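Please read the structure below before turning to the comments.
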Amino acid sequence: MTTATQTSRIAQLPPAVKAVTLPALLIVVWQIWAMTLPETSPAPAPAKVVQSFIELTASGDLVWSTLQSLGRVLAGFCVALVLGLSLGVLMGASRAVRENLDPIIESFRPIAPMAILPIAILWFGTGTPAALTIVAYAAFFPLLVNTVYGVSRVDRQLVRAAQTMGVNRLRTIATVIVPAAVPSVLLGSRLAMGVAWTAIIAAELAVGAKSGGGTSGGIGQMMFVFYAYSIDLNGIVVCMIVVGVIALMIDRLFRVAEHRLLPWRN
Amino acid sequence: MVSLMETRTAKELAEVASESDVDRKAGARYPGSVRAQGRFWQARWFIVVRAFSVFIGIWYLVALWVASPIQMPSPFKVLEALIALGRTGELFDHALISATRLVISLVISTLIAVPLGFLMAMNREANAFIDPIVELLRPISGIAWIPLGLFIFGVGGTLPIFIMAYVAFFPLLLNTIDGVKSIDRKLMSAAETMGVSRSARLLHIAVPAALPSVMVGFRIAFASAWAAIIAAELIGSPSGLGFAIEWYRQLLMSPKVFAFIAMIGAIGYLCDLGLRTLQHKLTPWAEGMGIGQ
Amino acid sequence: MNVATMPSKAQPKLRLRNVSKEYVAPRTGQRTLAVSDFTLDVRAGEFLCIVGPSGCGKSTVLNMIAGLDQPTGGDIEMDGHHVRGPGAERGVMFQDYALFPWKSVRDNVGFGLRHGTPGAGLTAAERNDRVNHFVNMVGLAGAEAKFPHQLSGGMKQRVALARLLANGPDVLLMDEPLGALDAQTRMVLQVELLRIWGEAAEEGDRKTVVFITHGIDEAVFLADRVVVMSSHPGRVSAVIDIDIPRPRRESIRSEPRFGQLTDEIWSLIRDEAYQAIA
């Protein structure tokens, strides 16, 4: 009887309270645990993380590193966009192209972007171009796959409808096939931006780890410096949170774009 | 939908699209796709062989043109390296280490994520409490945990396992929740009217209905984990495939770098093939639910 | 109707001579004869319905007239000219409407005028007028800015009709355009379709219509002539004149002649229809 009333009482809590309970509990426990440690311990604590966040923001380091990483992601994404779209349209439109390129594409797909890093470093050194290559490689596959899907999935009935209205081939591509493929391409872009953001962190971390740090910058590099040189775990946690927030923002931005650009889809 | 697309190849998607198209109108056919059987130059294996021959040919020419064995070793050098590494067993040693870590982390992840997914999908209260923390952690990629993980676990085998288990957790959890939530309520009601007990309903309706989605989640989990392990080993482990490629890069032994990269691709491909076969065997009804391949 | 008093009827609008269509299955190489030895003249200004059991090749015949499919044998002519491919003079209304989901009602109706041959030589204002004219004609005024997904089935059907008419085709090819609608909406739209086709107008001003349907009563209600097809392979099994005077009202459905004609057609396809579901 008591358990029944207890569950119902929990169920009656407002959703916001339910949502906050566990994260808040986690932070409190973390803070208490950290306070039991000696003052010299490098272990991160919520209060110190907040303090670190304020300091890093005030010095401008955090903003600058984030912007640097974002710039690389954007540049790499653009390269992937050009390659993925042009190849995707070709593969989607022509069965012959698709059949011949598919084995090659599919054998590269299971190779993680980070596995390409050593080659990128061999070719371009440890600077921005290597990181860019990783990002472009990572973003390429979701873009390609979704473009191929979008183009090949175009409702043939619509193409036929256009033909019966005396619309020529070129015009049909522009007015039927391209708009029909846009939703898939946007979806591919969202997925691609997600993996690109992960890839840049990995690339910066690794380039930092393997080249002694300080050369390339970016938020991944910043994390590595915190780990390897200044042993500032609070700073690392700040970076992790920023990485998460940016990932979330990228995702939301693309979802909004999908919503806005495709009013016919809702 | 998104998850499906992540597990399908471009070609499959294109074919699915064109086939459903053919179905809808008897009149809709692709004039170019009419082919007689038995001609070897139209067979799948021949197309694959031809594509790879062309690819290797281009690679060889590029290698000649670059003329730097460090930057671009020729395909034959890489093959030599592959054979040499295979002979000494180094190739398989590293691969085995990585694969073992992969299996351990996937087992851990599955044991936590799948039951949790069932709980969150079937109990609204549990979902209300747990979902926010999942959504808070999910945007933080596994890669971003590496520096902190390095500090906690040190350089070694635990870090890659932690990172992979973390990365695999989310797709498994979300797909399990999706699968359980997608269970047709009418099936549950139908079973109830037949007097089927609650536990039997769980076992014979909920589990089979959710399994296709869980399998899709598992394949995504594998793919993400296999991508993450390379990063984790490259940065924070003294062994494994990710370590090996970076180690030989530093030694400027490019053919061996390429050989290990090929190994990474081969294992990833074969495992996915295995998972797909398992998926077909384990959940042959998936296609009828719209969760194909 | 007295054929002898009609002067320029010597040449039919559409002429199908021994048309056949064979499909080859891509993988097995198996051949299926979908349509065989299909011969038919369609007179100018005539409303012709084609009925037949499912899978009898009705749509294939329509697609071949449209130029979307090529016959494997025989010949199709329009106004004495061999039909080579799709063209705006033969407008098609598709079964599932084939509306562009990313275009508003107005842009769907104006699609052919804007991107295709029917709009050649028209100014933007003229195009606009024409779009408005047909949007009003089908009763869609006020819904111009809506997207197809915001419309009911009946409204989508009206958009498709307006789009078809806006391109000013000579021949209207309609592939079960009312098939997806509920029974009431369908009856309302049948009457409206006849009005828009110009039932009340002079016969010479009417467009030629080839209308595919599986509804026998629909065919009898709409058509001047009904072509009954049989299947495996698809061929003409009978051509029935519908001698019910125009303009036709809802009330004709209860007249004895209407019942006679429906029964006659039903008796022609009944056996095959039963076979098809057995």
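Going by the order they are written in, the chains are A, B and C; count residues from 1 in each one.
The rule we apply is simple: contacts are C-beta pairs under 8 Å (C-beta built on N, C-alpha and C of every residue); 3 or more make two chains touch, one makes a residue touch a chain.
Keep in mind that what you see is a predicted model, and the values were worked out from it rather than measured.
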Task: Farthest-lying chain, centroid of Cα atoms versus that of subunit A - done: C
TODO: Please state which pair of chains has more C-beta contact pairs than any other pair.
DONE: A-B
Task: subunit B and subunit C: spacing of chain centres that average the CA atoms, whole Å - done: 50
Open item on the list: Need the CA-centroid distance for the pair subunit A / subunit C, whole Å please.
Closed with: 51
- [ ] List the centre-to-centre spacing of subunit A and subunit B in whole Å, with centres computed as mean CA coordinates.
- [x] 18
Task: Where subunit C touches two or more other chains at once, by residue number - done: 68
TODO: Could you list the positions in subunit B whose residues touch two or more of the other chains?
DONE: 25, 30, 33
Task: Overlap residues in subunit A, where contacts from two or more other chains coincide - done: 155, 157
TODO: Would you pull the subunit C residues touching subunit A in the complex into a rising list?
DONE: 66-68, 85-88, 90-92, 94, 96, 98, 100-103, 111-112, 115-118, 147-149, 163, 167
Open item on the list: List the residues on subunit A that touch subunit C in their complex, please.
Closed with: 155, 157-158, 160-168, 171, 175-176, 179-180, 182, 262-266
- [ ] Report the residues of subunit B in contact with subunit A in the complex, numbered from low to high.
- [x] 2, 5-6, 8-11, 13-14, 17-18, 21, 24-25, 28, 30, 32-33, 47-48, 50-52, 54-55, 70-71, 124-125, 128-133, 136-137, 139-148, 150-151, 223, 226-231, 234-235, 241-242, 245-246, 248-250, 252, 254, 257-258, 261, 264-265, 267-269, 272
Task: Touch list for subunit A against partner subunit B, complex - done: 7, 10-11, 15, 18-23, 26, 42, 44, 88, 91-92, 95-96, 98-119, 121-123, 142, 144-146, 148-149, 152-153, 155-157, 187, 191, 197-198, 201-202, 205-206, 209-210, 220, 223-224, 226-227, 231, 233, 236-237, 239-241, 243-245, 247-248, 251
